[in-house]
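A single structure is presented below for examination.
Chain IDs A, B and C follow the sequence of writing; residue 1 opens each chain.
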Amino acid sequence: MTDETAGAEGPPTDDERTLFEAPPLGEQERMVEAILFASAEPVTVAELNARMPHGADAGRALPELARRYEGRGVRVVRVGDAWAIRTAPDLGFLMQKETVETRKLSRAAIETLAIVAYHQPVTRAEIEEIRGVAVSRGTVDLLIELDWIRFGRRRETPGRPVTFVTTRAFLDHFGLESAKDLPGLRELRAAGLLDNRPPPGMGAEDEERDDQPELFEDDPAPAGPTAAPGEGGRE
Amino acid sequence: MTAFLQAEPMAGTTDDSSGDSAGGAEVVPFAGHGGDVAARLAAETLVIDVDGFEGPLDLLLTLARTQKVDLRQISVLQLAEQYLRFVDEARALRLELAADYLVMAAWLAFLKSRLLLPPDPAEDGPSGDDLAAHLAFQLERLEAMRAAAAKLMARDRLGQDVFARGLPEAVERVRRVSYTATLMDLMQAYARIRTRDDFRPYVMDRENVFTMEMALDRLRGLIGFAGEWSDLTSYLPPGWEVDPARRRAATAATFAASLELAKEGKLHLRQADTFGPIQLRRAERSGGDGA
Amino acid sequence: MTDETAGAEGPPTDDERTLFEAPPLGEQERMVEAILFASAEPVTVAELNARMPHGADAGRALPELARRYEGRGVRVVRVGDAWAIRTAPDLGFLMQKETVETRKLSRAAIETLAIVAYHQPVTRAEIEEIRGVAVSRGTVDLLIELDWIRFGRRRETPGRPVTFVTTRAFLDHFGLESAKDLPGLRELRAAGLLDNRPPPGMGAEDEERDDQPELFEDDPAPAGPTAAPGEGGRE
């Protein structure tokens, strides 16, 4: 403090003058800066003046300070008839912190996904038929949002229902080169995941993969290493 | 304190025991015996203020200051005598001194005798001078800490001299949910759907026994898809996960099978800690190197 | 996607630059400024980096920023491994309104705090040995509640006594960059007053304290006025 006031110009040496003379403008700017920084709410010019030493004029110091902060990470801004320091608008994104929470996919969602994967392209009605339960909008939306399924071509049947197919992101996530890599029913059965005996009434259908997704069928040639461009390096 | 003889358990005075242990808060008239009045008065003040001391070391430090010398030149003998006189006077005034003040008095009496008597060659243990030097060190150290504390408290302090942002901007937390599912989840989900109509998973036909052979067959089929670490329990056959007896049998068999496959180099096993979940993953095909 | 593969060879395209390169240093400085201004608590370098765009290095921007604020009404200060903006101490008189009423600390509390600060990590028994009096629970609790001391590691000696160390809030409160900047620390150490000197004849059982305060140990011999060795490069 004392040094700072001394830093003013020469003449006023006697005590009385130092007492009643306003601090130099640069010093006033520092004071305004500190007060605006530490205050819990915007501060009016009148209040700034009341808090600063006698003779100080915040009205003059404020524009100086505002200019000094131009282009900086924070700005001196006017809020009504008061002043405050605020984050520069373009840096607002720094005031967010993203937390990622990992959740397990719900049973409905994983089953729906599995049906799309094995039966694609598949309509909603078909999914419901296979699951035996209605498929909620939320489930489909979630899978689309996760970019694991997307809309495929419309089925050329009455009503032209939309179909669902899996995406490249789906393959990436599950570490598959192509949807063909999904273990077939036979393998699932061999693995004990499926009953050996054909379920009653589904026998023929289940015996071979005749109801299997077209995708698997009309996609010829086993995908060699040349397939799936850009994927090569994985694993 | 524990340094002072083994005489008595640490007791009595704690740093904020103001009032309860050392009686004389009220001013007690001091019956003088003549002699140096100023010294008497000083001692009187000390006695009356006994509550104000933070233990015997603090009292000793105050007494040491009356010697008006650098603590390094202090006469420990003289200090011991000052302290003993203080205790006597407190007794004369029937002030009750806390136990550790008395322990210190006993120790100082012992120290005094050591300092005054010629060393007994038959006796080992620290010499009087060593003990005195240590006491002087303790006093100096305590004083140094007091000075340091004062310097610390005299600094520019947050909320007194220096201020933080008065209007902090809250960091907005954006929660993003990421969903996970493994290939195994997917396959199991599909298998679940395909067996649902049946209501007769084949395992129901058997006893509650799941053999290792069965588990091996099963695992061999599945392991190729276990590219990522996944829980052993996720390989339990459907229909065996719930009933405790069946679950136990299936777990044991699957575990045994996984050991077998690990031995064959087909998969890797890991367990983070004892009784932690056991996880498995297929072995990369490169490997002649065992698990 | 496409950029990624393109990046394999050849000079990076302009697009790629913006995508993968850290923002320019001046911009990073603005970001650090914004984050520090927005927080009342010190922010660690790690957290700054986590909140700034990928590749930004707060450790480089911070000293620049601190220099920029030299002589201003607020300062950029270092608090342990964190940084904060604080008002300049000479302007404290302007902040009567913000001044926090603090409980008057007992002598016991002040001394215990000083002993923890200068002797850390220190056990309760050692504090008692230095003060010559039992440390009451209330004193320790108060200091912990003020967030000035906390439990450190247990000492690997019989009984595995718990130790106390000072906190970042302690550094912040007393305006210290690190515990090495405690006033008079060097002199105290040079005078041997921070040694743990076992009472004569108690040597064996007191070997408990053969380990010196870890905090200070790595600080090499009293350095000249250049001070604080090992402080320079760390941030």
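Rule of thumb we're sticking to: a residue touches a chain if its C-beta (ideal position, glycine included) is under 8 Å from a C-beta of that chain, and two chains touch if they have at least 3 such contacts.
This structure is a prediction, so every number in the text was calculated from the model and none was measured.
Q: Averaging the CA atoms per chain, pick out the one whose centre lands closest to the mean of every protein CA shown.
A: Most central by this criterion: C.
Q: Taking CA centroids for every chain, report which one is farthest away from chain C.
A: A
Q: On a C-alpha centroid basis, what's the spacing between chain B and chain C, in Å?
A: 20
Q: For chain A and chain C, what's the span in angstrom between their mean Cα positions?
A: Distance between chain centres: 33 Å.
Q: Once you find the CA centre of chain A and the CA centre of chain B, what distance in Å lies between them?
A: From the centre of chain A to the centre of chain B is 40 Å.
Q: If you look at chain C, which of its residues touch at least two other chains?
A: Residue numbers touching two or more other chains: 37-38, 51, 85, 87-88, 95, 98.
Q: Provide the list of chain B residues touching at least two other chains, using ranges where the numbers run on.
A: Only 163-166, 169, 171 qualify.
Q: Along chain C, where are the residues that touch chain A in the complex?
A: Going by the criterion above, the answer is residues 1, 5, 29-35, 37-38, 51-52, 71-74, 85, 87-88, 90-91, 93-95, 97-98.
Q: Could you list, by residue number, the parts of chain A that touch chain B in their complex?
A: Residues in contact with chain B: 34, 37-41, 84-87, 95-105, 107, 109-111, 113-115, 117-118, 130-132, 142, 146, 173-176, 182-183, 185, 187-188, 190-197, 199-202, 206, 235.
Q: Would you mind writing out the residues of chain B in touch with chain A in their complex?
A: Within the complex, chain B contacts chain A at residues 163-167, 169-183, 185-198, 200-202, 214, 217-218, 221-222, 225, 227-228, 237-238.
Q: How about chain B: which of its residues touch chain C in the complex?
A: 1-3, 10, 13-17, 54-58, 60, 100, 125-127, 130-131, 133-134, 137-138, 140-142, 144-149, 151-153, 155-166, 168-169, 171
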